[in-house]
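Paired with subunit B in one complex and with subunit C in the other, subunit A is shared by the two complexes that follow.
Right after this comes the complex of A and B.
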């Protein structure tokens, strides 16, 4: 990727709005992933008495969840580096507010990645409904 | 009005006189209780919650006296059951949660430089509901009818009327009433944080306390409603015999456990985060520096809030669910340690980087962290399912939860008490007594609860009124008892310190040299909240902004006057706190109190099976609410007003720009969450039965026809409401009224069509859980249609009375929000009961 192209991409990402809704994208993805894992197992065990080892839906769902979280973290990473005055970014300016929300989103993305990996881990170890 | 106009001392005095007149509290032996100002309602709220805490603490002391020696007979087993049930229930529902709401009602407007919260009458309603419900529940022990099924009220013991008496109903209905007031407080606090910030206080400058409150209030919206749904099912079983939790008729007690703990675990964080929020205010003040890692605290608060909803099954590890389900929840339980740890490290780092002033409030914070960390670590232990199987229902758990709650809730609150007492009363508490009390509490807490880890591992179960000497735990129990009385002595020292306060001299303003906005409060407090609403440029404006205090005091910022003789505050935008509107606030009124009494009577009369009187109470509640509503969203005498510095703001907004719209939206989110709890119930029963729905007499139904008719009618009424809103906005008021009338008739028809399915198919709800859950969903949706009819009729009346016009259309915009949710509810209900049976 040329430098100019990179700059364009960064500028496009930075121009995206950062709000309280974007802040909660990563943990919401964790919550949805968690809920589907729980429902998948609860329904499979109750209705079928077992579940498939690494079912395609589970693997794809986990990868998609991680992809969305990482993407939103990456966008937040770029946005949190929007040029402006030096840290600690606690002025009453639009740019500082954006950087703050982006940083918090990035941190939440980190936590959410850990959360999703933690949730997925049992399916690697446990294979039946006992 | 310019900066210079405020140089005129006479002008300032005149402004102050007007503000004082507008904010004058009501007087008289009765009417003084009709006040709605946040500082007074907050104070009542705090004192009441503190009183309930002392009461519940005494119950614990009686329990510890009973357990001091083996085979003791101080109290009977039945009394002991009532004691521990009421102790836990009161500490949670009547102390920890209300205390957070109470403190927030006092502090939040000060922290945000607002004159008051957006809905002062709602706060007053919440308080009176809390008081009535609290006295009802707490008082039951004097009549020997207190609830005795444990604070989680597990069926089937509690749903069987031959085993659990009135106490179970008192718990369910009394606390449901308090849950309503908690949801009301959540609405108030969310709108307060998002819309009532002072100009310039963008999200990145918000005091951390406000961040935590926002997060916790949102958690309440999603945590309390599942319990309300559970309460509905529980009381339908107890009062009408609908067998939701009775396995003999297809029910399942585990459904209650799910609904209870979906509430119960987030609840732990609902009481923990507001206390830790006090740390976030206290630590920077006594480090004399900005907090380090502000975004990390926000990460911690938001992250904890989300993860806390994935923990509930860790209370159910011993119920025989598939291990892989347990593992998911175990994983989330371990993950929540990450954000919890992060905030503690942030506080430690801030102290490390600052110049620490070793004050009494800080002492409490540090002691609290030490105790909390021990509780947190045992939490990590019991989050591991195999360890939990060993420790479940033993005193190890009692030790764990008390370390968490004393370190995570109670001690920070005491720290906050010492910190904020000067803010509220203008007087400092005694440092000597505070420190003495701290050390007594610290030693007492550890002496009480540390031995319980061992008592539990040695095999002593919880909730048992006595134990044999052969168990070898008598020494440990005696130590715990001594510790508990020591702890009580510490609380007594604090109570004495508080009692001595009226005799003490006033402290100087901002005695701790803090940097945040709430310390603008003057020791000789005025009721107007803040003299002028400041422009915020820093997280610690008192430290960082030049002449900040003087400018506020001299009315050099916004809204320094009350020209029209109205209580007002500024509404700003959510992200960037740009001034958007001036709202007129509710004035003292007896209506919130009347509404609370009427609603309380519904719950209390139902407890005693006085259904006709309860129905009368419900009608009275509806009437009171309508009278209350009629005065809201009033059309102002002029479209806009200046707030100073050349800024002119509208006095009326509707739709998402208005706080009322947000209140409706937030309330409906809570409502939808409760509904999803009921829907969860339907599908839960589907998973536990090989054949669901079952067939046979009284169980075949409701068919697809009537549910589909009801769904179609609801969607038509939704469409007419949306169309009426659009036509009204375009000035076609007559057409809008016609559509509203049509919609009203259609909504009414949908109500009956919704009930027709189960009615005509003779579904017998006492027979089996399937007809019971179908009826419940149908009645829930029909009841919402009934409220929809009232909404449409109300809006029509507002339009006819000239209180709603095409420019002033808040009413119809708000009820449209209601109809969006009604349509969603109808689609889910009727698809579930009408279509799912043929699909499964």
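Right after this comes the complex of A and C.
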């Protein structure tokens, strides 16, 4: 990817508005993944009485969740580095608002990645439905 | 050594849980002390002890990175405890049903039969035991703290608990879900035995109850039959085939009476026969106060011969 192309992408991302809606994307995906795990376990046990040796649906669901969270974190990372206006970023201006929300989104994305991984980890130990 | 404690274990599962509990408690305590020390230092520190950059770095590492790594290590280290014991092909299957307020126990034999017992669970050391747990009336919970975790017994369902004993001995289990007036009086003895001794014991349980030989036992057997005890209690090899109460075929081999609450003795047997509602409030066994005390004692003498 050329440098110009990269800068273009960054500029495009920065021009997107950061709102409370984009802020809650990572924790929402974490919550949905959490519910998906419980449903997957319940459905597997009720329908099959056990778990597949390689649980395709579960692995795909976890990868999709991680991908969305990491993408949203990456966007937030770029947005939080919007150039101009030296710190501290605590004025009620558009750029400070953007940087604050973007940083908060980035931190939530980090937490959500850990949350999804911790939720998925027990699946490694699942053998039967007792 | 305690007979009923999750800390004095005699089973694989319970030992794993005990280690997990100790690890988590100690780790939690260490983390608490570290946080408390940092907290004290923080509120006692003078202004500007630490710069903006240093402060942010402290928050990043002590607030996010280290907790994540420590929690991940604890999670990964303790996850294997989730892996259940597998029930292999030669596992002993034991059916246990919770009843108000006693335990119906059945040992499945390789030929497809079932050996019925009550209020005592015997298991061979080293062999995997596959408990099939159900309930006859209300929800009960099967718990042998030294052997494995508790599992609910739900009417209309069969729950499974796979366990393996590692140490022979006499232990105790208990109902762990409130099930009525005598819930607290619903316990049972657990005997973990050497496999060869267990096989001998099971073989003996399979046989019919011994016929009464002494005159008093014979009179007791007659009183047992005349007063309709067999309507609720079974004595293998006699006409008594009731299934409402515990099986009496080998009752005298048990060491406790009334589901693990009083020692097995003639006096206690008499007391239970005559005054069951006061020994075990809410149980379905009625009082037999109209029987002459001598007759009650004679029935108790008969029951004592059922080895």
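Odds and ends about this structure:
Assume the second predicted complex is superposed on the first by the 129 of 130 C-alpha atoms of A that agree within 3 Å, B and C clash if a C-alpha of one lies under 4 Å from a C-alpha of the other, contacts with A are read in each partner's own complex, and residues count from 1 in each chain.
Keep this in mind: contacts are C-beta pairs under 8 Å (C-beta built on N, C-alpha and C of every residue); 3 or more make two chains touch, one makes a residue touch a chain.
What you are looking at is a predicted structure, and each value in this text was computed from that prediction instead of being measured.
Shared-chain residue A:5: touches no atom of subunit B or subunit C. With both structures placed on the common chain, the touch criterion links A:130 to subunit B and to subunit C.
Of the two partner chains, both subunit B and subunit C are touched by A:121.
When both complexes are overlaid on chain A, the residue A:24 reaches subunit B alone and has no touch with subunit C.
Within the superposed three-chain model, A:101 lies in touch with subunit B and out of touch with subunit C [touch as defined at top]. After superposition on the shared chain, subunit A has more residues touched by B, the comparison being subunit B against subunit C.
Taken together, the two structures place residues 114, 118, 121-122, 125-126, 130 of subunit A in contact with subunit B in one case and with subunit C in the other. Every residue of subunit B that touches subunit A in the complex is listed here, in rising order: 200-205, 290, 294-296, 298-299, 302-303, 306-307, 309-310, 321-325, 327-332, 334-335, 338-339, 536-539, 574-576, 687-688. By the touch criterion stated above, subunit A contacts subunit C in their complex at residues 110, 114, 118, 121-122, 124-128, 130. Remark: subunit C residues 64, 68, 71-72, 75-76, 79-80, 82-84, 86, 159-162 touch subunit A in the complex. Subunit A contributes residues 19-20, 23-24, 27-28, 30-31, 34, 37-38, 41-43, 45-47, 51, 88-94, 96-97, 99-101, 103-104, 107-108, 111, 114-115, 118-119, 121-123, 125-126, 129-130 to its touches with subunit B in the complex.
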